[in-house]
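Below are two complexes that have subunit A in common, paired first with subunit B and then with subunit C.
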Partner chain A sequence: MSKKILEVKNLETSFYTHLGEVQAVRNISFDLHQGEILGIVGESGSGKSVTSLSVMNLIEDPGEIKGGSIRFSPNVDDNFIDITKMTREQISQIRGNDISMIFQDPMTAMNPVFKIQNQMVEVIQRHTDLNKEDAIRRAKDLLGQVGIPDPEGQITDYPFQFSGGMRQRAMIATAISCNPRLLIADEPTTALDVTIQAQILELLKKLQNKIDMSIILITHDLGVIAEAATHVVVMYGGQIMEKGTVRDIFNNPMHPYTRGLHKSIPTATKEKKRLIPIEGSPPDLLDPPTGCPFNPRCPHAMTICTEESPKMYTVSDTQSSKCWLMDEKAPKVKGYKKPKGAK
Partner chain B sequence: MSKTTEKPVLEVRNLKKYFDKSKGFFNREEKILTAVDDISFKIYKGETFGLVGESGCGKTTTGRTIIKLYEPTGGSILFDGVDLATIPEKDMLPYRKDMQMIFQDPYASLNGRMTVTDIVGEGIDTHGIFDDEDDPELARQEKIYEILESVGLKREHASRYPHEFSGGQRQRIGIARALAVDPKLIICDEPISALDVSIQAQVVNMLEDFQKDKGLTYLFIAHDLSMVKHISDRIGVMYVGKLMEVASSDDLYLKPLHPYTKALLSSIPVPDPDNKDTENRIVLEGDVTSPINPKPRCRFCTRCEYSKEVLEEESSSNFRDKIINRYSREIILHPETHELVVTDGQLITPALADKIINIGLNKITLGKEKCFNEVPKLKEVIPDHFVACHFTKKINKDLLK
Partner chain C sequence: MKRYYIKRVLSALATIIIIASVTFFIMKFIPGGPFTREKKIPQSILDSLNAKYGLDEPLLIQYKNYMLRLLQFDLGVSFKQQDTTVNEMIAQGFPTSAKVGILASSLIVLVGIPIGIISALKKSSAIDYSVMFLATLGVTVPNFVIATLIIYFFAGQWNILPTSGISEGPLSYVGPMIALAGYSLSFVARLTRSSMLEVLRQDYVRTARANGLSEFKVIYKHALKNAMIPVLTYLGPMIAAILTGSFVVEKIFVLPGMGRFFVESVTNRNFTVTIGFTVFYAVFYIIMILLVDIAYSIIDPRIRLDS
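Let's turn to the complex of A and B:
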């Protein structure tokens, strides 16, 4: 197995509003290894974006990382540092350099009054010793790498002169300008059309291979996950419901929520069948249900599900599920195979 | 089953909707945005007609022009045999009762100062549906309760305001509002795009149930191709204001004939990690062409794999003559300075032709003349399957056997 580069342990992030505390991320843990593309999938409000912002240490007032640790290894030797304990200066050395991020909406993520060139050169010069000329050359080279047809001529354009797909390419070029070890892509294709989405996903996979970075890919689209991710974390109500390799999650899901998601989406290839929705609606994070956050909508909910939150059960070497059905004392439910020697 | 014998509920003929984006008073620069440009299709009773396309292709404008939220620039909209395009705004009211709309954004489409009863009841009042009843107030209230229950809301929700509901519930209120006046046709403009994945299926199932129970006809506008395939009987594919292909939903997905449809379908991400089709994926180059002052040619020609042809000539003067006034389909950079000489889709002027010759080229990929100089018409290639492409037969030899 390749080297671990990120270890998130018992992370808790909350926001304090006048209505009370919103527990956006509740006690989540996951690891990321070099060269992996980790897909975080979940609905709006499930905590997937807050997780990524926490990793970047971008949570600001009224939000706070309440507990847990985010250990990241910025270089090849296994020197882990805890991002939650870093000062502003320390973190700004890491951000943009070792960890960088691309956002959903490439229009609002770029400054409209500066040329693409200035914005890219600023990032490159901030993190390297290149002089301006070399930085411009590097920026042009990067734009070429991400498939901008005429980098020489287009680098002096303003963001509004680029189409949505081209802007997202320019964002990616900026994000990879310092060869980060970790790229966080928060819904990078949601604002784009499917034909452009295909181009961008292709590009991310190509770059990941080429510069051996790891990617955290946040999306609500299971199709995007299946195509791009190697590993998957399924989030609901601020918690991780299930995690595993992409094949575990798609071929052998072991959590009722993951299964519910699979059944509720139509696929263009399969025959037309009536969709099976997940009844009810997502939980209110101001007042989350006691026990498992999915219990009010779960078809298999038992008494214990409403009383106590289950632990993360190990299903296999690669897969785990946070569901009471995995417990050895739980009744058998068709389709759910309890792991042998479940702990 | 051939549709030709049935009578359509809605027939759109050569519908056009242009927006004037001209700038300046002096030195006026004519800029016409052709959002919907000469499209025709029919929708039959009880079916769902899906309209798909990428953002900016004119699918929403089509829906809004049909219900005459926009005044059409040209063409006719035959609804039950009456041409709505000729009916003045003040006489539209009775037709609006039969045609309702569900909007994309359940947050923006409901008035936050009105209670659910007022929102759902507004149509009933406007059209005076219960005016002949003995107790119109009571009949109205009963009808509202009945509809709210049928969309999965409760009676006690009637007195609440929109902000008290979740996105999925708000969309149910939007649907209740459309159903309140017993319409024949509902235009659903991206009704589920703003909803969470687990809620989308609830709303789609509900729309399907209502269709079955009330014999409703839907025009379903969306960009989510999997969902459109799921809900539609027939589908129209739009690209920059034009209909590219119209077919039954199975036909379209199994036998896409237009190059754009082929690319669009192959870009849908499939939720199956073992799916091997992605290796044969057609990844389109470039971006969507602008709908402003479009040239008289196929709207897809600058991105189409099949609009290319290679020209090679030994003699440079012959080469020069043959490339002038043609369109390039490749990007040529200067071998030494790396400066752009000609880009994909650019017209080769005499000056440009000289530049190309100067760098010593005698071979170039050009756009086919027909694709670049003539707008293809939507033609019935096989029964009930319409395609707008000059080379449909040539590029689909295998599929058309």
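Let's turn to the complex of A and C:
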């Protein structure tokens, strides 16, 4: 197995609103290894974006990382540093350099009043010793790499002169400008039309291979996960419901929520099948339900599900599921295979 | 780009002509004239006065004559001040008004914008609350109250500033400057604060942080340039208004500025002065708006390149 570069442990992030504490992320843990593309999937409000912003330490007032640790290894020496404990200046050395991020809406994510060149060069110069000419050369080279047709001429354009897809490419070019070890892509294709979506995902995969970075890909679209991810974390109600390799999650899902997601997306096969939505709505994170957050919508909910939160059951070496059905005392439900030696 | 400015200049000229015409007819239609007195003036004298100034001609002819003179930058003569042209009155009053105005405008820009930024960055702190309290006070308290307080304390009680006039050098401008700036300074501070808070929430500010830029660059480069756009909109017309003088402040501090002539001319039906000053004010205003638009296009490339 390749090297671990990120270890998130018992992360809790909350927002303090005038209505009370919104527990956006509740005690989640996951690891990321070099070269992996980890897809975090979940519906709106499941905590996936907050998770990614926490990794960047970009949670802003009134939000706060309440507990847990985010340990990241910025170089090959395995010197892990805890991002939650860094000062503002320290973290700004890491951001854009070792960990970069691209955002959902490329239309608003670039500053409208500065040229693309200006915005790229300032990031390159912040993290490297290149002089201005070299930084510009590097920026042009990057734009070429991400598929901007005429980097020489277009680098002096303003963001509004670029189309959505081109802006996202420019954002990616900026994000990879300092060869990060980790790229966080928060719904990078959601605001783009489908053909562009596929191109952007292709581009991310290509770059991932080329500069050997890892990617955290946040999305609500299982199709995107299937296309790009190697590993998957399924989030619901601020918690991780299930995690595993992309094969595990698609071929052998072991959580009712993951199965619900699969049933609710259309397939391109010949047979006409009705889509089955997951009834109900996501939990209110101001006052999350006791027990498993999915219990009010779960077709297999048992009494214990409303009383106590299940632990993360290990299904296999690569897969785990946070569901009482995995417990040895749980009744047998068709399709759910309890792991051997479950306790 | 060039065409855009030519268009702007032409529409500015049209605006000025319309303003002059409307003012001309309004002044003509209100009852009374420049020679109306409480004491009855013999009709023969009135007739000869009217004939001298061309007021016996039909209205449209008077209008034509006035506009033709206006096109030669001749604003006519005052009916009250003997042998004084309106141009001379402007030349006499404007320097004082402009001097006080420039001082007040500088104060507004150099103090209002920075305290707005500080307030936004220290949102919900003691500094923010006290600055915003003062700014609210500044927006609501009329300038004649501020002027009176300045005179009472600084001139009367503590004897630091002169009470009136411009005879005592630079010190005599301090009072009028503060009284004139008070409202706009408070307004600009509030506007800068809210605009800055708005911009700090934008995605591109988060991107700048995510790219690891220093907090200084995030705020003073990425946020500030965007936050200044609405402030600039306000500053242009405000500077025009302040430079052309405030009747109230000039009256209280007994300054020989433009405001006094203007208000007196309306009550006296001294319409050449009224129209002249209105046109002067309008031209000034339009030039300031034009400057704001140019400044806009420098700050915001979307405006520059879209047209």
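In this text, the second predicted complex is superposed on the first by the 340 of 343 C-alpha atoms of A that agree within 3 Å, B and C clash if a C-alpha of one lies under 4 Å from a C-alpha of the other, contacts with A are read in each partner's own complex, and residues count from 1 in each chain.
Note that in this section contacts are C-beta pairs under 8 Å (C-beta built on N, C-alpha and C of every residue); 3 or more make two chains touch, one makes a residue touch a chain.
Since the model is a prediction, treat every value here as computed from it, not as a measurement.
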{"item": "When subunit B and subunit C are modelled together on subunit A, clash or fit", "value": "fit"}
{"item": "Degrees between the directions from subunit A toward subunit B and toward subunit C, using C-alpha centres, nearest 10", "value": "70"}
{"item": "Which of subunit B and subunit C A:276 touches, first, second, both or neither", "value": "first"}
{"item": "Which of subunit B and subunit C A:88 touches, first, second, both or neither", "value": "second"}
{"item": "Which of subunit B and subunit C A:108 touches, first, second, both or neither", "value": "second"}
{"item": "Subunit B versus subunit C as contact partner of A:97, first or second or both or neither", "value": "second"}
{"item": "Contacts of A:227 with subunit B and subunit C, given as first, second, both or neither", "value": "first"}
{"item": "Partner chain(s) touched by A:153 [first = subunit B, second = subunit C, both, neither]", "value": "first"}
{"item": "Dominant toucher of subunit A (residue count), subunit B or subunit C", "value": "B"}
{"item": "Subunit B versus subunit C as contact partner of A:195, first or second or both or neither", "value": "first"}
{"item": "Which of subunit B and subunit C A:56 touches, first, second, both or neither", "value": "second"}
{"item": "Touching partner for A:44 - first (subunit B), second (subunit C), both, neither", "value": "first"}
{"item": "Subunit C versus subunit B - closest C-alpha approach in the superposed model, Å", "value": "8"}
{"item": "Subunit B and subunit C contact sites that coincide on subunit A, given as residue numbers", "value": "none"}
{"item": "Complex contacts: residues of subunit A adjacent to subunit B", "value": "43-44, 149-150, 152-153, 163, 165-166, 193-199, 201-202, 220-227, 246-247, 250-251, 260-269, 272, 274-279, 281-282, 297"}
{"item": "Touch list for subunit C against partner subunit A, complex", "value": "202-204, 206-215, 217, 221-222, 225-226, 299-302, 305"}
{"item": "Complex interface listing, subunit A residues touching subunit C", "value": "56, 58, 88-89, 92-97, 100-101, 103, 105, 108-115, 122-123, 126-127, 158, 160-161, 171, 174-175"}
{"item": "Contact footprint of subunit A on subunit B as seen in their complex", "value": "54-55, 166, 168-169, 196-202, 204-205, 208, 223, 225-227, 229-230, 253, 263-275, 278, 281, 283-284, 286-288, 331, 338-340, 343-344"}
